[in-house]
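Structure in structure tokens, see below.
Letters A, B, C and D mark the chains in the order given here, with residues in each chain numbered from 1 onward.
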């Protein structure tokens, strides 16, 4: 059995675990070291460090201080790996902690981060998803059961100082273009809630002041939230510092393309079983800027889809120029409207799109002025038939359960 | 055998075929009528009406007058179908014309329409793809052979006057925001090259002056360029006029998600075998605004992918806010760079992304400020191994053949 | 477009077409010649040469003289190919003749060949299947529609004299163990109905007297009836004579594993588009005795199955020793019994197993004394849900249509 | 988290665990009880109860007393379930014991059970397979790594006295036809090594004397060794006694169709997470004799196969009549011969066929006198290309490692 190099105790604060961090900075010391070819296991908190609870209130989703995320396990140093190499990571398996066989999905309040459809769902909402082996169901979203496409939402290597500087420059530059926007355009460094792993004292404070937030995906990978980076996949990461410094967290039991609900997929605490290898000078050899990967042979094989189209004309009828975001939003809204015909609330439909193995394709991006995006719902996850019939839809969801909602506090 | 209701003669000008049209307008008379439940075949020109030739020059791609496209076969009237219904179309089969077993892919000059990567490929280029039963190869792009995901790029029903008006208003509105842009933001009605089918004389001229161009996808479907709308799929179209008025054209032997090369997929002349049915009042029953569809059980089963990530920081390092277009462009550029390591020219790599059954996923759209898009290349279409190896890539493409290029005329 | 090297006129007797033959013999002259690398098309009769008709009687299935089958197109000579080589055949596409968009499935009378379940279905029966592009339906078997896994049931190269001798020796040897069995154990050479292609006169008569019948699969491939040898697949055939002598016929629009109904799959007249290449001395290099092949990327992707088990205890409760045939027969009978609960007649259920893309797996062959075989029915081919429900099956097939039946003639 | 109702301690003899048994008999008391709808976990020994070790000798495979197998966990009683019902079992997940991340594959000596190819592999051999998350590799069989299709080889409900009597009658009847055969035709009841769970004393001895051996699959399912009965699948079992009495064991990390090596798949100790429900009177409602099941959406998606054909002419050239066993044996031998061309020993090739997710299809069973069986090897499990090339195979396996072998003891 592979050794567990990082353990997390869900009853303990993530801030007290020095093998965990929540910012990107080259000075964060390695939490542990391995050799190329090694197999090992890292346990992780959920991305909020346990803030969101398995209960019947969305208050925690409303009240969370998002500056604390994401709690990552690592960095893992790999001996002999140098900047310019590719770190080859086999995600041999990913799972939930045995004592924590559930996850959460939520929508943030528009006042606290929002989400892809925040104008339509402006309040904090939450659903809890129970795991049944390879499957999941939710007491808040009846009528669906699906196999998990389990994956880490966030994984990548430490930046070097130059790359870190680039990130901070360009993101603070963006913020300055509309500094008071709600939700904000980006998140600047924020020392107060930083957790720099083993780096403490003055050095820790200095690094905290400039450590990049973990929210966006960047050149190193990071918070890509790619559902297909699942257990069984093989990822090639760019390396910027000696030892690579691989960190991972934000595990998802399942997610739809786009992670449109932002809070987010089916979020869980768990563990990642991985193996690392190296391709020397791989970045130059293969011209790599961002990570590349091979997906897993072990993924849910749902293949009967109902596909919704959206074009880049927004909800108000305004014409946008080849804007895939607008087009995908329309496809999502079209799918939500459709699912309500079977009895789902709009929030339940939104939760399904955020959690199930839904595909989002960039179908057309050149036919001026409209992009076309498609959203693919696997029909086999429903315990009734959602396909169109000559005599119209039958209402299968009769109400009762719904996604939890908490009003904003004035 | 199903009857062929519309025939096209590739030796004849598309303008001479009164069962063909190249604008959307409610007054275009039905080219033919069928009953619900009927099966029939429509032949189609390629989208340019035969302008692009199977030869060794890209001059035709450079010189084409794009106001002539797309030449559609139809409209087909379906008896008893009313506005508000859903027209259920089974795409029973799609194929190339027996006498025309080839297609073309090209990049337009930036001065004549451009494409998704026009800043990187500003000149007219062309590759010819030969069909070998279910497979295709190109003498201009060696080392790849793949099975076609054959589909119509363009299909949909006639708009009613109100919808037509909406389209023209919003698109001309967009054009006015930057009327001299090259390439333009959108295409306004343009009577000079309009072909209104059986509608001729004064009525034809009036309709031509306001007929919507066929370039963008819109509420009715239209030029969606969705590769998965392939033979074997079932599509549910909104209906706006009595008889529906279904038209189809722009057939593709294969295409990657996004149709990024714009000219376009592997474009071909061919035929569509289809069956129509109706769901009465289906638009309201199912809350349908845009078409929805079920994909085909007969699609290439390539499932070993190499996946490239892109984020919404552009080639110049500029930070964009959750912009999927920018992210997908980076994923495409990353993939092109990678493929050059095996000996491909950048144009050949671009052509592969535009023609092969490449997937483009909207992987993350909420992690401010970066969207994450992924581009999936099926490794099984290459006759060598494109996966990363410890000792780096081997050059398999040794030059000689390349995508044709024509310089702009001053 | 590839040239059509062999044409068949369905209005003409197959015996009058000298590019057709119905026996295997090394002396049959090549019907035409091609070069390695060539692409070409061969048209074929259905296996009976048109004896079975698209009508409402099974008399033709009852009355057919099976000594006339199979009418094959070929042999095609490939220049430079020698005994010991492997002939690499790409089945680029396969289709029905445009003027003959239908096929038949039948069960032979036990007195005229029988079938896998002949003791349960001892009389001649027939169903007609209409083709709708990539799909098929039958007026005699309602409630199912499926995409075709189109393939030649019979394809292979000419034997050399030694191999022919081996075949005749071992098969006539088997016949002698029970010469009067009905149906027979094997079919010996039979000159009266032989068609030796271009070989006529005395030489033709001599060859006819020893030409091997085409019914069984043998070392060269031949009548393998492997549904997965479908369009898009690549096959490596052993070569025994100069020029290889490739013949093909017995096209199937679709078939279940085992071709259990014997008459057979959905049998049709059609065409095969293929390309040939050679691996010199490939038989020795790869240790090849029987053909090997790579399946197609273009196959129906039905993946939701209901799987039936059978063990090697027969219908009478008799224990057999690890006998897969008995086990598979039980799995078939279990599936037939199950389908009757939804209203199908037993003959309709049998026809579905023979025609649809049903899988038959050898699941266990070592657990003495019982083999276990499984039969996989794709649930997505039915227009109702065949999966077990808590409250039992609903009868969806209300009678009316049934598989045609003709009583034996005394 | 679901409760673990049966625990096994790998350091303890299976005979000492009263929730384990190794014979089928209606009098075995329930090991524990659950309600319909319950989820729970059962741990299991490997089928030999730990006799086979992770070491470098095949002596244990040679010396094992096969009368001790299989050690099953159960029976689990389900409250309210009656004879004639269907017990619906969701195999929610299956895994190896965390402390035992390895499995074994072996061939029994012909003197001790043999296997499908025992005439070709008459001696005891063994390979050890290590688990790496979802993947496995063997130090004895280099060059292959594959994802596991994890499943219980043996699962089913207790027989009633009548069914037990039927089993014993028909199997002892078979044995009597050749009582001295090596290996035997079947295994009669054998009290000396029976473990009857909680049933001890005189009652236990009486039951042991007539308890059915667990080796063959039977009407209730039992030792079906169906690789597709994997985690994520849903199985419908016939019920014969009050409470059903479900037992499970013989877990496999992976297996090829047929489990041709007999000892067997990749055998392991582990756990099964399951949920039970009931369809009242389901056996009659659906006409069920043997179990039926729906396969899992979570299975390895390898889809690039090399397929080997075999016909029912045996290794000595003898003609058999439509014998699928003979045909499948030839397909296996053809595949083994082929794999040796890349450097594998014959034993390594045999081990791959027994362990990897290889498919075995009953391709043709009616074309007298030859059956055709096909064996499908997934090419993607090899770390080199096994497909035929124009210039012949390259030897990738250079020797050194091999499957362990132990000579028979005189």
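Worth pointing out:
Throughout what follows, contacts are C-beta pairs under 8 Å (C-beta built on N, C-alpha and C of every residue); 3 or more make two chains touch, one makes a residue touch a chain.
Please read all numbers here as calculations on a predicted model, not as lab measurements.
Looking at chain A and chain C, the chains that touch each of them are B, D. Counting C-beta pairs in contact across B-D and across B-C shows that the higher total falls to B-C.
Distances between chain centres, each the mean of the C-alpha atoms, put C farthest from chain A.
Fitting chain C to chain D on C-alpha positions gives a rotation angle of 180 degrees, to the nearest 5. With centres set at the average Cα position, the gap from chain C to chain D is 32 Å. Distance between chain B and chain D, defined via averaged C-alpha coordinates, is recorded as 51 Å.
Between the CA-based centres of chain B and chain C the separation comes to 39 Å, rounded to the whole angstrom. In chain A, the residues that reach two or more other chains under the touch definition are 301, 304, 380.
Of all the residues in chain D, the ones that touch chain A in their complex are 1-2, 39, 90-93, 98-99, 101, 132-135, 147, 231-232, 273, 275, 296-302, 380. Touching chain D in their complex are the following residues of chain B: 301, 303-304, 380, 385. Residues 86, 88, 115-116, 166, 170-171, 173-174, 183-187, 215-219, 221, 223-228, 236, 257-262, 264, 277, 279-282, 285-295, 304-311, 313, 317-319, 321-325, 328, 330-331, 334, 337-338, 340-341, 359-374, 376, 387-390, 392-393 of chain A are the ones touching chain B in the complex.
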